[in-house]
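The following pair of complexes shares a single chain, subunit A, combined with subunit B in the former and subunit C in the latter.
Here is the complex of A and B:
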């Protein structure tokens, strides 16, 4: 940074350069935010002007929550999906990055092939996974049959269903030829894990930034590879893991295109693919309940903000920021 | 030494296994797109189609107005790439190399918009776009890109910060205004970063499904991503055609990735996002 500073005309220039963004900020973020908040207390169908109805939209959301209909079901679905896909993608991402940073011949090719799925457009990937997860002739069930897992219904089944007979058979230690362990949301998790390459790239960059000297010091102390992973790699990666947890959470809650295509826009089977994003879209644009949808959006925003805050609060216990720059 | 060797072999096996699992879906897509529907039923798992049935491709293309969808997609991509690159470069410059007191907190606001889920702005934005008379127009998707995007502003700002002050000073000596500095010094020096932004925006727009779903109703204006979804509903049982269409739609992304691999990887690892 040079010491001498410039005339105040710079202030005008600063505002002018930022002007397009400022317009966008006001028109696409600030106004929409407050409009949403306002409409969440209204009945609004976009044809007639919004009509104040007090907290009744929130009342409906609360009763949905109790009955597990609509919003309630969508919230449970979203929690199921996020709580499964986000941690799994972090774990898988780190493991793959560690594996792909080992000095192996052909490393660049392996990295490319693991990353490649994440450049596949979601629309194409969803079409592909519809086929891969086909219960009769999909590749996933075929591979699972190699390790003795009976055919799963995947996208045709709302939730895992293990019948009483199956339970009884498992208890007696008998061969189980049919149990349905995986449903539609597990299919969605599987599909999201296929695209983990993005995260892998970020971890790989972070791993290559870890000073060699740390590993050398650990080796001097006779640390095994497992201990090096646990005491050098993971702590050094923790800021990035934290960043990916936060971004992964935000991204998973916003998942929309894949569930829309996998369920042809309905959230089927039995509403099991209705994550909040789809429920909100359908309430707004097929039921024209803008007020109700806005209330849902506001709750989602608050929930996401709280979850992010919570992650930040826990971060001080496990995220190690490097002291030396 | 022997143990080392065994460990190394184990690593190779593990890597090969993983890579095979990650690649398998793509192989299934391509090989499925080359099978007849009869072959697909008879032998759904074989990766090597017996007889290359290229005919799926023209048939898939013929069953959707491919050229219409493609030209809409390209129009959208062109508009959004121009919009984003321009607006984000302007803002990033204002937030990094113009010296004014507001730039710190304004950059904070830029970052804050990243954390706002689209759900909460979706309905009012839709109302706004409709009020502007842009519903069912490609501008509904293009216009907002002229108003900046937090991720790309962040990415460009990081890059602009690395430009040596001495180069800017030299420009000022020559009597360049901030506007002149932007066009004559900063932009020419930032081509790699601008290319990254353009590339990511191109990919984002190519893949975008939500925008067209929300704003377009006339099939003559559909881009490929949205048209393809319509194709799924109509041809759901003809897997070979669906896979051919999906392969075609994916191909440009794979080509772009291989042509610009370094740009991709660097862009992702500096910002932690994908296109």
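Here is the complex of A and C:
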């Protein structure tokens, strides 16, 4: 085939078939991307023509980072959310998949139950979680009370569980009976774990694809179930874990609908639910600072690209691709 | 095979008939007269308010031989982006109704026309004399009208009279009395274990209390933000004192509990059939809650259950504060730049607010439970009859005429201004042990920077 040219009519037909996609790609992705990059150096309010302001939008982002206001606060919130929700969803997803792959009675029912939350629309799920996380009558606090955890304030508390402030409070007063550990960002992490079913389905497919012979060989070597999980299942799942890690990271940074509903579009309480996506939206469409929002979007893109690159670079140390003979 | 063909034919025929009927229906309801100019009107009303709006439009269209209003409900939070795109695209509506603090932003960007471009000098002067001051504040940017307010949202203090009577207390006339009521009914968090507090300030309402304490958030003369000024600090400190008294975490938890009430029930109303007390003994809210109270009392009457009595009073001021003061917001009309029929838009605005025919506006306000923007409309027979049926509503109407009702300052960047003040108040109430000054100073600085940026654009 190599070097053999297709007849011009077939080449033209090929381009013609690709054309709708190419037009869409150029108009809906390439052009907006470069336009947004250009606007990030401008003051632009969507009505009047963009006005060149050099790097002042980026200067403002840097100053926000230092003061931990606006973009700085949003970045910290996003990092907190992503660094907790992504690894936890991977760990929980793998654990659930391993459990659900065991030959149990009613396996299909359990699998359906785990997957079910993923098909519930985000808006409905967010409203449902508002009820579940109600400090007075919510089911989450009720379940926590079974293990002796005092009622938490969840969405009405800006202070997250992992923070210097919380550490200081624990150091000073210890875990007293009324201690409020979890805040709004922790609630968001909890919500994200609820939709882990999407990942579980992929893990389940991958687990069923692991050759039985590997487990048999491990058993012949006297491997315990734990060792089989550690040395057979996890390495064989690592390409899928890697995929889910990258996708989960991107998805976590793009989280918008749920925080918009939970905080009534403001990022309340005290900006603790203001993730970058919401800050970007408010800057662009509420404060009419499209240039500043574009700068934020570009930084977000670069940050995500770097994080993904880092994951790809480290993947060679922990991702094992199966060699097909 | 035959059966399938028949079924397909029937389905096709049904679809055709449905489409024809729908198209015909739509032509009938939106049919503009051949001789009349169309006025395209975007609004955001839904639910039972939509019917009221449709009725106003219908009455206007009936009264006209020159213009025909076509109303389009544009629900959602992206009205601003849609409007901007329509203006830049050269096909804007002729009239828009909005209730967010965006007037100055839109005016500054040239998205809307000054009202002086559609109304005569005489009509503008008339608005100055005719409208409540609070409505004028919502309609103006600087000294120019860029919008025309058509309905006011006023806040006051609702109270459970039965509960106050039980404790031998009178409705509060001063802040000190309000504190005393809170102290008597709910001296500490333990006293709220029954599921109700006498009163809890809401961090979003620093806007109201700030004005009641005699403060102002912005000085229009100097362009300086005054969020950290003495009275606002005092108001914030007072609000935070409740968090200190009951514990910030308890207050936060209780506040979130309000959201679990079905259908956003008014938390003043008892939820148990044998109870006469709701989650609060007193609560700040707007005039639309008077409907909830009436519905509740009617329902209890029908079920032969005892119902508590309710009352409304102005926000009680501290010594040196403002009486009959508070934070006001409301709906306003704007005429976008490039509107094809601005004259028609202005005609409809006048009809709605009742500038020429106050009776027509009274009918609208009574149907929607909206506060008129002029005393002349309030004094019409129709509206007075409405007030007889709903006496608590009258308290709000009285407050609408007070010169001490202020909106979020009408400046570019007002949306961020509002958000940042609320966030600062939340912080102060969440950490009542921290000094209020630095929290408000930081907010002040951020808002000032934002206003400078917005103004410099």
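Criterion: the second predicted complex is superposed on the first by the 300 of 325 C-alpha atoms of A that agree within 3 Å, B and C clash if a C-alpha of one lies under 4 Å from a C-alpha of the other, contacts with A are read in each partner's own complex, and residues count from 1 in each chain.
Here is the rule we go by: contacts are C-beta pairs under 8 Å (C-beta built on N, C-alpha and C of every residue); 3 or more make two chains touch, one makes a residue touch a chain.
Model, not experiment: these values are computed from the prediction.
K.L.:
Touching A:128, do we find subunit B (first), subunit C (second), both, or neither?
P.N.:
first
K.L.:
Report for A:137: first if it touches subunit B alone, second if subunit C alone, otherwise both or neither.
P.N.:
both
K.L.:
Name the contact category of A:104: first (subunit B only), second (subunit C only), both, or neither.
P.N.:
Only subunit B; A:104 stays clear of subunit C.
K.L.:
Looking at the overlay, does A:157 come into contact with subunit B only (first), subunit C only (second), both, or neither?
P.N.:
second
K.L.:
Who does A:285 touch here: subunit B (first), subunit C (second), both, or neither?
P.N.:
The answer is both, since A:285 touches subunit B and subunit C.
K.L.:
Pick one for A:46: touches subunit B only (first), subunit C only (second), both, or neither.
P.N.:
After superposing on A, A:46 lies in contact with both subunit B and subunit C.
K.L.:
Of subunit B and subunit C, which one touches more residues of subunit A?
P.N.:
Partner with more touched residues of subunit A: B.
K.L.:
So, does A:264 touch the first partner subunit B, the second partner subunit C, both, or neither?
P.N.:
Only subunit B is touched by A:264; subunit C is not.
K.L.:
Which of the two partners, first being subunit B and second being subunit C, lies in contact with A:11: first, second, both, or neither?
P.N.:
Touch partner of A:11: subunit B, not subunit C.
K.L.:
Using the superposition on A, tell me which residues of subunit A are in contact with subunit B and, in the other complex, with subunit C.
P.N.:
Of subunit A, residues 46, 130-131, 134, 137-138, 285 contact subunit B in one complex and subunit C in the other.
K.L.:
Sort out for me which residues of subunit C touch subunit A in the complex.
P.N.:
Within the complex, subunit C contacts subunit A at residues 77-78, 80-81, 84-85, 87-88, 105, 109-111, 247, 249, 252-257, 259-260, 413, 415-416, 419, 422-423, 426-427, 430, 442, 446, 450, 453-454, 457.
K.L.:
Please output the residues of subunit B touching subunit A within their complex, sorted ascending.
P.N.:
So the residues of subunit B in touch with subunit A come to 8, 11-12, 14-15, 18-19, 22-26, 28-29, 32, 40-41, 44-45, 86-88, 90-91, 93-95, 98-103, 106, 109-110, 113, 115-128, 130, 144, 146-148, 153, 165, 169, 172, 177-179, 182, 203, 206-207, 209-210, 213-214, 225, 228-229, 232-233, 239, 242-243, 245-247, 249-250, 253-254, 256-257, 261, 264-265, 268-269, 272-274.
K.L.:
Would you mind writing out the residues of subunit A in touch with subunit B in their complex?
P.N.:
Residues 1-2, 5-6, 10-11, 13-21, 23-25, 27-29, 31-33, 35-36, 39, 46, 96, 99-100, 102, 104, 110, 112-124, 127-132, 134, 137-139, 142, 194, 197-198, 201-202, 204-205, 240, 243-244, 247, 250, 253-254, 256-257, 260-261, 264, 276-277, 280-281, 284-285, 290, 293-294, 296-298, 300-301, 304-305, 308.
K.L.:
Can you list the residues on subunit A that touch subunit C in the complex?
P.N.:
Residues of subunit A touching subunit C: 43, 45-48, 51, 69-70, 130-131, 134-138, 151, 153-159, 178, 180, 265-266, 268-271, 282, 285-289.
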